[in-house]
Structures are given as C-alpha cells and as structure tokens.
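Let me begin by handing over the structure; questions about it come next.
So that you can tell them apart, the chains are marked A, B and C in the order they are listed, and the count of residues begins at 1 in each.
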C-alpha cells in the first residue's frame, strides 16, 4: 500500500494562503479609498524654500556646525574633489566636515539610508548630490522638519525637498555651450550623437534638453543629432555604446558626452581605433582624465566647472542657511568667502558661474 | 556465439559517436547562432564587419572569454565562483598602481595573475576545507574582496595618462583585424582545453563534477582538484584584470562590479551546466563571444540600448531550455537504440 | 525523536540561535553605547528600510529550504514598480494598479516555476536569466521616466509610522505575513513537505509528495511577495524608476544564508532568516551612525556570510567529536521547529 501524505490539504492551504494575501491587501487598500492621477491634488506639502521664519542677513555665522556631504557616489574622483573643496571651506569657517555615501551610483535606497542616519545624528546641514530626483524626498523632508538644512549640489531633487540647489553652471549654459563647442569644431555640419550617463540622471537629461533646443537654431541646420546612447556611467558599457554609435552611423562626425565617465571611455575607444581624429569628441571631463587625449589630438576641447569650487559654494550656502542668514527665497544674497557674493535665483537655484573650456592651451594649468 | 556477441559491439560504437556528436553539436549550435547573427547584422549594416568592427568584436569578448574559461573549469567541478568581478577590479588597480609607480608592464601582468591566484587559493580552501556550498562562500568573498578593494583604493583612480603608452597600445593593437589581446586569450583557451581533455587531472575535474562521491571513491583527490580549479579561475580573473586596464585605460574602486553575473551567463549559455561534469571551455568561450557580440549587434542595427538587458536574459533562458530539450531527446534516442540493440540481440 | 547532537548541548550550537543572540546583543549594545540609535525615529528608519528584504526573505527561506533559489526577486520588484509608474501616468486607479502588480508578480513567479519544474532546469541559471529579462522589460516599459506623484495617503502609508511609536505603518502587513509564513513552514504538513523536498527530492517523490506542485507554489509566492514589495518600495521612496532595487536579491540571499538556512536544502528556520535580515540591517544602521564607511560595511557583511557557513560546520564537527568520545549514536533530524 503506497503511503499517502495529506496531499490535497497542504496544497489547498498554500493556495489559500497565497490567494489570501491579495484580497487582504485589496481590502485594506479599498479602505484607503481609490485615486487616480487626475484626481489627486497638486503636491500638498508646503514648499520648503522661504517658508515660515524670515532671514536675518546680519546674523553672525555660527561656528561648530556639522555639515555632511552626501555625493552620488563615494570613491568617485569627481566627487572627492568637490567634497574636498567643501571641506576646505568648512575648515576655514570653523565648522566640522563629514562625508558619507554609497559605493554605487545607482543605490538610491542606500542614499536614503544615509539621509536618515544624518538626520539621526542631528547634523546642522546636508549637502547632497541626488542619484534620483524623487527618491530622497521623503527622507529629506523629514530631515528638514527636524531642523536639518538641506542643500543639493551637482544633481538636484524636486524643488520642495531642499532649500537650495547649487548649480555648477546654469543647465542652459552647459547644454548650449557644448553644442556650440562641437559646432565650431565641425564647421557646423555633420551627424552628431550624444553619449549620456544613466537614463534617469537628472542633470544629464536637463542638459540634453537644452542641447536639443540649441540644435533647432538656424546655424545648426546642417548638424543632425542622430542618437542618444546611454553608458550608465560604466566604462565598458560606454565603450560598447560608442562602438555601436560608430557602426550604426558610419558617417558620424562628432560625439558629445556630458559625463566624465562617458567622455573618458569614448576618448579611449577613439584613441585606439581608426576613427581617431576623424570623429571629434567633446563634453564634460576633468583635465587630469583628458590630458592624454588632448595631447594626442583625440579631443580638441572639452569643458567643466571646477568641482572643488562647487563644493566650496555648497558649504558656504549650507552654513549661511544654518546660521539663519538666508532661508532660500529668491533674491536673498550670501557671502561665500573668496568666491564672492551670490544671489539666490528662482526655485532656490544658486549658479556657480560659467563653465570653463579646456583645450591644449590651458590644460596644463589645472590639476584635478 | 559470435553471432550474439557482434551486435553488442556494433551497438556500442554508434552510441559513442552519437554522444560525441552531441557534445560537439552543443558548441556547434552556438557557433551557428553566432555566425547567423553576425551575417544578418552585416547584411543589414554593411559597416559592421569592417576591419575595425571585427577587431572590436574580438577585443570586447577577450576579457569575458578569459574569465569565462576560468569560471567554466570551476563550474565543471560542480562549484561556482561569484567573486571573479571583485578579483578583476582589485587586480586591474594593482597592475595600474604598479605601472604608474614606474614598473615594467610585463611584471604588472604577473602581479595581477598572482594576486588573482591568491584569492583563488582563499576560495578553494574555504570550499575545500569547509566543504560548504561554493555559492555562499564566493558570495561572501565577493563582498569581502570588494570591500577591501574599496578601502585600499579609496577615491584614487588610474587613468590612461599614467600608464605607459606601450601598455595601452597593446590593449588595442593587433595584426590586421586580430588584436594581440585576442591572440593571448586564444592561447589560454587552447591551453586550458588541452589540459582538461588530455591530462588525467583535467579529466578528473569532469569526474568530480559529475559525481563527487563516486570520484572520491575512485581515488580522485577531490579537494586538490577543487583547489586547483579555483586557483586557475582566480589567476585568469587576475590576468583579465590586467587586460581590462590595458583595454580601457582606467581603473578605480568600482571596476568589475557586477561582472560575475555576466560571466556566469556566458558559461551557462556556452553549455557548461551547473550540475557539473559537462560542457567544455570552448563552449564557454563561444558563449562569451555570443553575449558580447549581442551588445555590439543591437546598436549596429539600430535597436535601442534599452532592449539589451531583456534580450540578454531571454537569450540565456532560451539557451538553457534548448540544452535541456536536446538532452532529453538524446537520452530518449539512446534508450531507444539500447532497446533496439538488445532486441536485435535476442531476435 | 532520536538523539540530536544540537539539542544535546542546549541548542547553543544551532546557528539560527546564535544569530538571534547576536541580534539581541547588538541591539542592547547599540542602545547603551550608540547615542543616536535608541530613539523612535531611528528605529523606524531601520525597520522601514529593512522591510523590503524582510518581506522577500520569507518566501525565499522556504524556497531555499526546498533546495531552489530565486535571484530574480530584485528585478521583479523593479518591474512591478515600473509597471506601477506607467499605469499611474496613464491615469489608472491606484487600487487597480496594485492588483495588476500582484498579478504580474504571480506571472513572474510562474515563469520561473515552469522553467524549473517542467523543464528541470537549475533554478540558479533560470533566475539569473529572468533577473536580466525582468529588469530589461522594466527598462523598456518605463524608460528614463521617474514617477513620483502618487496619492499622498498611500505615500504616507509607505513611509509613515503609527502615531507616537517607532513602528512603521507598513510593518503591520509584514508582521501578518511573517506570522502566516511561520505557521505554514513550521506547523503544517506543507511545511514539512518543503523540508522533505529540500532534503531529498527523489525520496520525497517516492514518498508521494507532489514535488513539482510544491516548488511551483513556492516560486509563485516569491513572485507575488516580490511584486507587492515593489509597490511598497515605490510608495516608501516615493519614486518609481526602472532600476529600483537593483542588487536586492544578493542582500536577501545573504541575509537568509546568514540566518542559517542551509543552501543544500532541508534545514533552516524562519526565525533564523528573520534574525539574519535584521542583524544585517541593524549592523548597517549602527555602522553608519558610528561613521564606519560603506566599504568597510561591505567587508563585514562578507565576513559574516563566510562565518555563517563555516560556523555551523565547525560546530557540527565539534559536537560529533564530543559525541564520538562519549560513544553515543548520532542521528541527524531535520529541524522543524522555529526559534
């Protein structure tokens, strides 16, 4: 006699249990009431910029504050430079500096975790370069309601989740100037492509938007943007995407790569291929990374801002906020040490200045 | 009497050649798919298989082929090594650090291989001594090595400007369309394949993976073989790290992150099954070539890069499903033949 | 029950007990020595951020106990979130969306299940493939968009706390789920079948167990929980992007293995797995609070993982050695009680 286990019941129990989760959840949800996109109100949360307390420009700059830098990714040379700039500024002011962050540039949960930790530690201010425009919002709002000042730099979040955004250069300036740079090099004719970072990266997408807009101008009538490729800020992916671009569009004349990882990979590929010197590359890169390629002619010119200065400005802004000198409303001004005085623009944006163009003539002067 | 003996002999031979044919068929299948895919792409985009194009295809695959060969040996022994990505990252930076300090590039290669081999020893000992599932152990060493690498490297980076130009040009030059890196990978591939097929210790790896208990009882020094497999895998991952540096001219703390899953996919697509004891390193190499080619084929025919990951995943599923269906068919075929032989015997 | 060397020594050598003890010790030490740890806000952060892993660890434990694994859970979370984002942008009602995501999770689990049970493929290889496939589909579906404007009361559920306490709102459904899982795995015939299948698939089949059906239901459950976790993820972080929860699968597997669930199948407890999840989560929280870098945290996670497998083996060896000395007969039994 073959032994029979209680076959029907355990399976039935399992099926019931699994099936029960769904309806249970649905029941709970219907209690919350349904909603569609059209029926929800516009973000009900109050704007963080310029709310409540008024600014006192003459308030003394507090000392002994702790300002934490939370870049997109630690161990990323670009962010190390910017955060070190912040450290210099903070030390000069007599404040305490700290830097925390995730090891991967696509770990939003990790970045949120760090915001929570910093809130816990009751730091005076956080300077964060956001991996994602929306994911940090809940945590940042919680931080702000606990008295922590929030400044974003390099990569912004939604405007109501922070008090200030320190922008490296106006997004418009960056986008348009890169197209202008390439246009000049190509004599305003030819097919071009863009090699970007992650598909979801806020800053890159904003710049690309301005680039596309600039290309609509009459002087670029003979230049055509054929493709936007995404390298995900990974060397090998950027490499293969560059190869793909050149194979898909053999008469490609120029590439814009507005990401330091992408431009490095594209330059390295072009340098070792038959396209060296024939396909022109520009974008955002650091002098140290690009030096070899500028010297051997693979790249004629590229631009960037000084990330160290960006970090410094973010530090000064954070301290000014924490000292009550500004609240983030449009029109307020604050002093940023040797960098000068800055005025807050619309939506709490503070712009560092114009991007710097690097080429053979001036690349030797920089070391970052 | 001879009348009844002969059919048995006759029946044995066809089944052996059938099995041989099946094994070779597996690698042949990937090769056919690869050739078809490349031909189709070339038909669609005439610039695809230019000299530059072929060189790129081979160069892209080289690094994956090297690591896949090492991983295949480990998988053949019924284990897995998930720490290869971290090892690649650490050795790439170590090689770069050495060259940047004024070292000889050839010595840098050696350093990379040795560092990789050391991590291989660590894995091999943990798996051999503890006799614990290699999945767990190498998951742990994946984290440990990556963490130590991050702590050691910090925010430093090695850029092309700091490397000797000879090293970097080795990374992309070659003979016509055959890159030096590709030749190196081919040599390694042939060497490892020869070892696995023609050396007793190599064949013992297959035995060990196929049935560990039987192999142990038959006198195979299982721990030593497993250790050897992991050391080889680590050393090859180390060599791949040095080649990565030469090819991309860049290394930092996040180099190689996530690479392990690509390697495992290549090995599986190549026909080296997780049950151990099957497959060949040629298959793994072809699998690596296939996977990297897809990433070049898609952009060349204008498919948005958004589709790449989905296609990679579906391809992997297709490959293993097909493997299984073929294996079932073959098993059925063999059973039928054996039955026929037996009935011919008695009939 | 025959002599169990583990029990003989008061259960002290059972790894899941060790993990539970470590967790208690860590929490107690953190309360005393780490100033920012022991308040409601921080504990709620800790629990809230650990919930996704804790949720998926429940079906994953059962799956690993039956001898399989599912590495596609992170991608299922991401896919569910992407679908949620797209449907929301298209104007669908949120409750409808959540039900669709749940159904999607069942489908994802079914694909894995059918490939493993019908075709007999190894689950490691299959789920590596579906991991890439589902993530890829998420990318195709949502592209570069990031959807954040979900209804406020749902967002509040995702990130809010029960008034005045440290318990996140979402912890309640999780507690219900955990209780259900514990009962099913440790107190029903089905649970015993799962362990039996893990211990020896062949023996289980000959004993009359429907091995394929059991595995199918486990994969489906994993898919369903993963997609619901995807919905929670979107509400908790108020953001739906295609790369949500990338890498989550490794964290879940690491936590489950750390909790003493044997990867060879047939052994382990849910208590151990849950303890493992919260041990890792608490460690990360505490290490960040005392300013230990992310890189060092990675090393610690790896070391713990290695110890988690070497530990029980070493403990078993010492127990066997001791028992051999006192000349008793050993009969290992599958663990079928929790905590």
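In this section, a contact is a pair of C-beta atoms (placed from the backbone, for glycine too) under 8 Å apart; a residue touches a chain by one contact, two chains touch by 3 or more.
All figures in this text were calculated on a predicted structure; none of them were measured in a lab.
In this assembly, the chain whose C-alpha centre lies farthest from chain A is B. The chain pair with more C-beta contacts between its two chains, of A-B and B-C, is B-C.
Inter-chain centre distance (chain B to chain C, centres taken as mean C-alpha positions): 30 Å.
Once the centre of each chain is set as its mean CA position, chain A and chain B turn out to be 37 Å apart.
Annotation for chain C: residues touching 2 or more other chains are 139, 143, 293-295, 298. Counting only residues that touch two or more partner chains, chain A has 74-75, 103-104, 199.
Contact of a single residue of chain B with at least two other chains is seen at positions 150, 253, 306. Those residues of chain C lying in contact with chain A across their complex are 36-37, 39, 41-42, 45, 49, 52, 88-89, 91-96, 98-99, 102, 139, 143-155, 157, 159, 173, 176-177, 180, 184, 188-190, 193, 207-210, 213-214, 217, 220-221, 224-225, 228, 236-239, 241-247, 284-285, 288-289, 291, 293-295, 298.
Remark: chain B residues 80, 126, 130-133, 135-137, 139-148, 150-151, 253, 261, 264-265, 268, 273-275, 306-314, 316-317, 320-321, 324-325 touch chain C in the complex.
On the chain C side of its complex with chain B, the touching residues are 69, 115, 119-122, 124-126, 128-137, 139-140, 143, 250, 253-254, 257, 263-264, 293-306, 308-310, 313.
Every residue of chain A that touches chain C in the complex is listed here, in rising order: 2-7, 9-11, 13-15, 17-18, 20-22, 24-26, 28-30, 32-38, 40-41, 43-44, 74-75, 98, 100-104, 106-110, 112-114, 116-117, 119-122, 132-135, 137-138, 146, 158, 198-200, 205. Chain A contributes residues 73-77, 79-80, 103-104, 199, 229-230, 235-236, 239-241, 243-245, 247-248, 250, 264-265, 268, 271-275, 288-289, 291-293 to its touches with chain B in the complex.
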